[in-house]
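Note that the chains take the letters A, B, C and D in the order they are written out, and that residue 1 is the start of every chain.
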Amino acid sequence: MAHQIIATSRSRTGIPTGRLAVWWVIGSEILIFGGLIGSYLLNRFNHGPSWSVEAANTNTFIGACNTFWLLTSSLFVVFAHAASEKRDAKKTRMWIWLTIMLGGFFMGFKTYEYTTEIQHGFTLFTSNFWSFYYVATGLHGFHVVCGMVIMGIIAENDIKHGRNWHRVENIGLYWHFVDIIWIFLFPLMYIAK
Amino acid sequence: MAGHKHPSYLKIYFILLALFVVSVAGPEIAEKLGLEGVSRTVLVLSTAFGIAIWKAYLVCAYFMHLKVEKIYAPYILLACLSLLLVFFFGTATDAMFSNGHNWVKSYSEEAAKEEAQSRSHGGHDDHGDGHSDGDHYGEDHHDEGDHDGDDHNKEEDKDSHEAH
Amino acid sequence: MAEVAHAEVGHDDHHDHHEPSFWSKYVFSTDHKMIAMQYMFTGMAMALIGGFFAYVFRMQLAFPGASIPFWGTLSPAAYNSLVTNHGTIMIFWVAMPVLIAAMGNFLIPLMIGCDDMVFPRVNRLSYQIFLISAIVLIISFFVPGGGFGGAWTAYPPLSAKAQYNATPFGAPLWLIAVTLEIVAFLLGGINFITTVMNARAKGMRMYDIPIIVWMIVIASILFMCSVGPLIAGAVMLLFDQTLGTGFFDGAAGGDPVLWQHLFWFFGHPEVYVVLLPAMGIVGEITCTFARKKLFAYKLILYSTIGLGILSFFVWAHHQFISGVDPRAAYLFTTTTLLISIPVAIVLFAYIATLYGGSIRFTTAMLFALAFTGEFLLGGVTGIWLGSSGVDVYLHDTYFVLAHFHYTFVPIAIIATFAAVYYWYPKMFGRKMNETWGKIHFWGTTVSFNGIFIPLFILGAGGQHRRIYNFQHYPDLAGADMQDMRVFATLSLIVMLAFQVIFIVNFFVSLKRGEKAGNNPWKANTLEWVATSPAPHGNFGPVMPEVYRGPYEYSVEGREEDYWPQNEKPSDS
Amino acid sequence: MFDFLDRFMPGILEWQLPRASEYALQIDVLFDIITILVGFWFVLVLGFFFYLIFRYRHRPGQKAQYITGETHKQKQAIEIPHLLILACDVMIIVPTFLVWYNVKIDIPPADEEVRIVSQQWAWTFHHAGPNGMLGDDDDIISVNELHLKKDRQYTYHLESRDVMHSFSVPVFRLKQDAIPGRVISGHFKPIMAGEWDIQCAEMCGIAHGIMAARVFIETEEEHNAWLAANTPAGAASEFIATNELKISEEKEDRNNG
């Protein structure tokens, strides 16, 4: 980029442009996940008896572990943000990489969970509960992977060179949002039987 | 948001962890106490979803700094959430029920429950009659199950998909 | 907080750069005006495809079974595919890119006085995704089985199973194209919203924002808020199509009606998403050429916001007879009839703006006035359809078809022409030929009415949509009805023929048009401060400052009958 | 109420199509009410619009006025028409609710029942046989032919075998989508003998355009004669034959297309 765009540097609302855009992204993501979860709930209420039998087959232990990973990673990414406000590149990178590691744990557990479930015969096609289960957790997993990749890029491309510090906060907001989605998916798919 | 005073992140984190433990324990307790009916529903719902909302609030308010953010941001999020409610309740009139005014769905919940139960109890092979028509995409989607026992899974897919 | 630039100095350094290559100037540009042009030309190219489809299936309806010039005989499957893709293209690949993306990209930074969108590269990405989506859609016409033919609403199970729709590749590609397009506009919309929220020129307060910018922003917010559930639904439908899950399969416990809700929860606000920018265009042009201040700016603004909110409560009026619980119709009839009020407020305010004016009948103004008049008819016919009792009869007839073409053609065709004639000088530095423009105007509007008024009558006579040959229906095969179909088809051909004038005028004027100064129409808004055509960075070294509202025309006690927003008050 | 109103209405829909069901009258009257209310406003606004365009066209030496539209009095110019429009809305909503209740919500006690099964791309009608009961062996099943008795109150049960269809009988002013996995009930009462079109009004695939059927409204005696002439067995075999023929035709169509 040859020159700085004036428009990007303006901030009439008082919220920096990047963060404002992230809020809008989160708003639209709420509606995407909300549409999916809403559809799930409509089906769940309609098919209460059979779906609670199905839901009993999800692995609550792994779901709980994954909740733990994501909660902790949320804490780490907040620490990364705090470090980035002090312009401490080393600490910021450390916390970001720890967050990515926890995201990796999450995806690892998820992979194991999918594998065992498929081995037990619960695939995408077993019933509509399982279709929703795989699509919702899959879409969420996709967001986790995207967040990990973006965090990696920010850590190695921006923070390492001491620029674009605001991006740490922006990706942090996104990451918290992904965490919140899981906070809701966990009781929906695992706990409520 | 430098310069704002917020409670220690660690404190919030431990509150979240505690809530998390409660939310996992709730249904287990309900199971242990052998609760049935309304009391069980109330316990499970409040521990599972009440606490989920509480946790989400904590993450939003403190980790995402919504408490100290300009007012636009919470408005954006609340607007999206409320639209979601509009969608849900507008759709609920027919997607959520199996019969309504002058219409009835022919899907049998009882059969589905029986089938789900037979599946849960490991009885993978002793169900699945009444497959009306063949699964026309049957061959495409068994890749995930190919690690081992793939035949078994293939059987499972076909059965469950059309077996209502 | 981000650091706010204290001295906003533009890109006078830009001239020192070497001349950019063709690729970086026209294809991979991040300049908002170039992206706007890309959107506009892509949209126009798609409009030609959509128009050609309309020609083919109208010919089939007028002369069933005959061999159609440039096509040949039309099979039922091809007819369905043409109808489906005509609708999809005209809404998603013509109305949206031209009205929101092209106009929004071109006008927002110019009108709010900044040099570019806040995320220029996201902007470019959104166009590229859009272009890919257009290509995917075009590819879907040529795959084995042909293009998707299950109507633009894509109701499952027809759209979900290849055994029903017989387009095993066309249907998923269609869905992927639509989803990509939606993602492109999500990115673009977020860019628009943040730009207007954060990057306004110094001194521009809420009520100093031109009404079109407000409308584009409200439209973007509506789009963003309504489309989420549809994206989720599209993922589910894609799984149903390609893998064979049962989200919308009643036999597997799913609910086909759920898709209708997901679709129309988006689909109805979508109508307002394309309507609002068109209304904004018309508002701007009406004020400029009536030399009048916009009548009741705040009232228009608040009714638009009210319209936006209310538009989320009306979606099920598309589903009155589609098997949803009939009691829901009470609620949705009421909201649907109520939504006529904010729309009418805006139209009435535009009409009131003419009062006491001094109207110049330029081509742009003629198109703007035509929009108001034609949209009025399109709007009021919605009352019949919004009333559930009559909708039992009129649903899915040609009455519906004529109704929404009376809204969409003014929106996507007439308002777009108004905008092109009006902002052409700012885009290319020259004016379009007015004489040919007026011929184009009369040819287009008269033939447009010639197409759709007969269709209202046919619809009231019980003729249903998406039927490729009415000779199979004894009640509909009468000679008088067939005459009306032929008349509509001939009007369509006339209308299409008149577009040739526009295209020639457009391209000839690029080279030969009368040179326009910076402000050929003597308008107030900030885009007329920039030179024509606006350079990269828009305003040169000093960014404009705003001192007053956008519609201070014919202010008493001033020599000039206009008062640009950036002109310093003389007494300070 | 609707009978009374009908005497003052132009009966626009009846110009093109007769009213063959009992509630067609109500829908027609509602259509006319809306036409009169909306037409009045439309003509008024459009007339005013053209008057303004003509009156305030640009003339040399004349300057436009500066009117903000923000004062209370000026705003009233918009607000008062809107209160009137709101009143008109209410005048539309009330009869709409009445008609909607009569057509779609309330199902009067049925004299006869008929089962309608839609599939790609044919209508199958299950008529009650000579014993007057639906759902037993002597049902008469006919394809694309619906035979009804005049002046009898019918309840229909609409089903779909594959995709969405829509059962539309323009002369009845009736339309109802058929949804796979649901049975949807409704009612009508034919009041005019004759023979008219049934159309499918929901896109249902390649041959949606020719998914036509006919409704025959007959007197009691004609209907009984038709019943006598159609044994269920004959009807069923005919159904299979036509259906197979139709599908093979479609396959050819598809191949050609």
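We take it that a contact is a pair of C-beta atoms (placed from the backbone, for glycine too) under 8 Å apart; a residue touches a chain by one contact, two chains touch by 3 or more.
What you are looking at is a predicted structure, and each value in this text was computed from that prediction instead of being measured.
Using the touch definition from the top, what's the fewest steps needed to get from chain B to chain C?
The fewest touching-chain steps linking chain B to chain C number 1.
What's the chain with its C-alpha centre farthest out from chain D?
Using the mean of the C-alpha atoms as each chain's centre, the farthest one from chain D is A.
Chain with the smallest distance from its CA centroid to the overall CA centroid?
C
When the centre of a chain is set as the mean of its C-alpha atoms, what distance in Å lies between chain B and chain D?
Taking the average C-alpha coordinate of chain B and of chain D, the gap between them is 40 Å.
For chain C and chain D, what's the span in angstrom between their mean Cα positions?
It comes to 31 Å between the two C-alpha centres.
Centroid of chain A to centroid of chain B, CA atoms only: how many Å?
About 16 Å, centre to centre.
When the centre of a chain is set as the mean of its C-alpha atoms, what distance in Å lies between chain A and chain C?
Chain centroid spacing, chain A to chain C, equals 34 Å.
Going through chain D residue by residue, note those that touch at least 2 other chains and give them in order.
Residue numbers touching two or more other chains: 104-105, 181-182, 184.
Among all residues of chain B, which ones touch two or more of the remaining chains?
Residues 72, 79-80, 83-84, 87, 91, 95, 97, 101-103, 105-107, 112, 141, 161.
Where in chain A do residues touch at least two different other chains?
13-15, 20, 24, 27-28, 30-31, 34-35, 38-39, 42-43, 46-47, 50, 124-125, 127
In their complex, what parts of chain A are in touch with chain B?
For this pair, the touching residues of chain A are 13-15, 20, 23-24, 26-28, 30-31, 34-35, 38-39, 41-43, 45-47, 49-51, 53-54, 56-57, 60, 64, 67-68, 71-72, 74-75, 78-79, 82, 85, 114-115, 118-119, 121-127, 129, 172-173, 176-177, 179-180, 183-184, 186-187, 191-193.
Where on chain B does chain A make contact in their complex?
2, 9-10, 13, 16-17, 20, 23-24, 26-27, 44-45, 47-49, 51-52, 55-56, 59-60, 63-64, 69-70, 72-73, 76-77, 79-81, 83-84, 87-88, 91-92, 95-98, 109-110, 112-113, 115-117, 119-120, 124, 141-142, 144-145, 147-149, 152-153, 156-157, 160-161
Per the contact definition, I'd like the list of chain B residues that touch chain D in the complex.
Residues 101-107 of chain B touch chain D in their complex.
Of all residues in chain D, which touch chain C in the complex?
Listed in rising order, the residues of chain D that touch chain C are 12-13, 16-17, 26-27, 30-31, 34-35, 38, 41-42, 45-46, 48-49, 52-53, 56-59, 62-70, 74-75, 77-78, 81-82, 85-86, 89, 92-93, 95-100, 103-105, 120, 162-164, 166, 168, 170-171, 173-182, 184, 196-197, 199-210, 212, 214, 253-254, 256-257.
Flag every residue of chain C that touches chain A in the complex, lowest number first.
Within the complex, chain C contacts chain A at residues 1-5, 8, 10-11, 13-14, 17, 30, 109, 114-121, 186, 190-191, 193-195, 197-200, 224-233, 235-236, 239, 243-247, 252-255, 258, 262, 543.
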